[in-house]
């Protein structure tokens, strides 16, 4: 549908749409280095309304998001680094965060809408991803003396809200929905799931994603593919909208409503 | 002040200028996307003609990089990317013909049994404030499959970053520098964790295929994941300088590299 | 290169964004097994709509609708078979609650080359698709990797962009955990999924070898044609079969 906005506002919104694509992509490259500080210090809103959600639940407010997504994440990296130095001396002194793993969530199939008021934008994405690490503390189940590298295949969907603050586009809400998790490349995620359903006692759970920080809205908010449930529409695509509000958001506003004022 | 992702950019654009830049952003991405189909179609010569810089001054330091260095200058790029590639494909064809003598070893059959997909996504694009150049970073979950010579083929997953410098020429945005930084390879249907841990530059198929580049430099050591941050995500910039290039002139080994892979074992 | 005014550039940018959004919504409907709404929501009302796969094409509204109806019927059947297999988890679900249980089909769309006609009445798009799907077959749930392309003609109709001709063609359709360069080892059939053997999609309107799947002896097989700038649809090629 052709826009009813003024030419100026249409140009503003076209630019906004591209800028939030860039913010989203910048997230991918920062997250690939486990540079949580780079993400949350620069490309996130510090609003009490910001939120980050995953299957395990939703962190609300910048402080809780910072605690879970930066503090706890960095802690995992540091703990990993301490163990790594004993096994892989060449890792000593290097930034422990990217050494933890490269968690790469690519951005495809984007549906992006910018609010008519130009103050927010919303996007849904399908994210085929690879999570890999070379020097690790993991060992080969067939030979516990051998350390191994890994590559997991993780396909997710994202629902993301962005706001324009002080002339910059920032993340406000992120909702991550893991769908497919398997190992590269000798497993079959659907057949494995079926076997788990039929013989749960004989079939181990798929590899876990990192961490489960404190949350305000407890999970599960989404569950990975299983042959005994409908595919969930946890992050429906955004529709054209006027302004960010409780009808147009990936996180209902229940705290301070800075962006509703 | 515009609403820019990532960093504050105080430059103001008129509506007309801003829309020009929006249009540029789509055109730049489109060049990278078109290259995906040129690669799949083995249209490498045509790719160099259609999508790469044509200005002789720019061609001189155009570059094509991977984990182990760069080919520099269009002549050198062509020798590697087109001529050497055809020689490699001819060897692939000979192997395929070994298994199936009905396959004639001719130019027409050059790509029998091979398939290359390098789809890119996750574009992060920064256009210079002066609008003359642009930098972009993408990710590709790609694959390359070549005949084994026994009726089967070796199918390799090859995910990695793809970085571009673009220049605006009279007929549109053109590729100036490319870096394809492979993160790993894994044969389809095999357990990646069973591979040897360290990057083996003697046996890594991506390194072998890349041959002997003009500038030899390990720019992306996969042993340390993305620690080396290369190719780095582009940042907003006003005008071009070699320091930000994805060509060899822009590569800087991390100052505090510390120990390299496999070092530091003698403390006992 | 055509020169456009700023206003035209804005309008053309909005067109290509709307087309990306349309394809994104389509892909989401496929994930959600909502094929029954795809035709009405996303397809043109033109008589010459065309939906093509590697081996053939559905041509015309009734044929395209019949494909989506079959996809929906199959989803319903899979749900019933799984309900029988897992009475504890699924036994109490109503038909609506059961609908969609089982299949999971992800078609991420990468590297879009979109060209909007000079007259903005039609557009063309080409995407690469590294997909992953499990549609539940006679061997039960089994996941596959796909490598292929979406090549689509769009038409501007009733103030919206709609799908006019769509090719979804794959090079590779390989059981996850196996190599597409080697003979595949199918999972054994399971008796509980035997009724799926009798399930048939409608015959293609036109059988055509649009694209051969990859084998180690396949000649170079070019991608669907890359869209080029054009003024009106008469000036360009079609993805219709």
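Just so it is clear, A, B and C label the chains in written order, and each chain counts residues from 1 on its own.
In this text, a residue touches a chain if its C-beta (ideal position, glycine included) is under 8 Å from a C-beta of that chain, and two chains touch if they have at least 3 such contacts.
These numbers were taken from a predicted model, which means no experiment stands behind them.
Trainee: Report the chain whose CA-based centre is farthest from the CA-based centre of chain B.
Mentor: C
Trainee: What chain pair shows the greatest number of contacts?
Mentor: Among the chain pairs, A-B has the highest number of C-beta contacts.
Trainee: Can you check how far apart chain A and chain C are, centre to centre, with Cα atoms defining each centre and the answer in Å?
Mentor: That pair's centroid distance is 27 Å.
Trainee: How many angstrom lie between the CA centroids of chain A and chain B, rounded to a whole number?
Mentor: About 26 Å, centre to centre.
Trainee: For chain B, jot down the residues that touch at least 2 other chains.
Mentor: 15, 19, 22, 121, 141, 187-190
Trainee: For chain C, what residues touch not just one other chain but two or more?
Mentor: Chain C, residues with two or more chain partners: 6, 10, 13, 108, 110, 130, 177.
Trainee: Name the residues of chain A that each touch 2 or more other chains.
Mentor: In chain A, the residues touching two or more other chains are 7, 11, 14, 106, 108, 128, 185-186.
Trainee: Mind listing the chain A positions that touch chain B in their complex?
Mentor: Counting only chain A, the residues touching chain B are 7-8, 11-12, 14-16, 18-23, 25-26, 28-30, 32-33, 42-43, 89-95, 98-102, 104, 106-108, 128, 130, 132-135, 138, 140, 147-151, 164, 167-169, 183-186.
Trainee: Help me check something: in the complex, which residues belonging to chain B touch chain C?
Mentor: That would be residues 15-16, 19-20, 22-23, 26, 30, 32-34, 36-37, 40-42, 96, 99-100, 103, 109-115, 117, 119-121, 141, 143, 145, 147-148, 151-155, 171-172, 187-190 of chain B.
Trainee: Can you name the residues of chain C that touch chain B in the complex?
Mentor: Touch residues, chain C against chain B: 1, 6, 9-10, 13, 16, 108, 110-114, 126, 128, 130, 145, 147, 171-172, 174, 177-183, 214-220, 222-223, 226.
Trainee: Once bound in the complex, which stretches of chain C touch chain A?
Mentor: Those in contact with chain A are residues 6-7, 10-11, 13-14, 17-18, 20-21, 23-25, 27-28, 31-33, 82, 85-86, 89-90, 97, 99-102, 104, 106-110, 130, 132, 134, 136, 139-143, 159-160, 175-177, 187.
Trainee: Would you pull the chain B residues touching chain A in the complex into a rising list?
Mentor: Interface residues on chain B, with respect to chain A: 1-8, 15, 18-19, 21-22, 25, 121-126, 137, 139, 141, 157, 159, 183-184, 186-195, 197-199, 222-227, 229, 233, 256, 258-265, 267.
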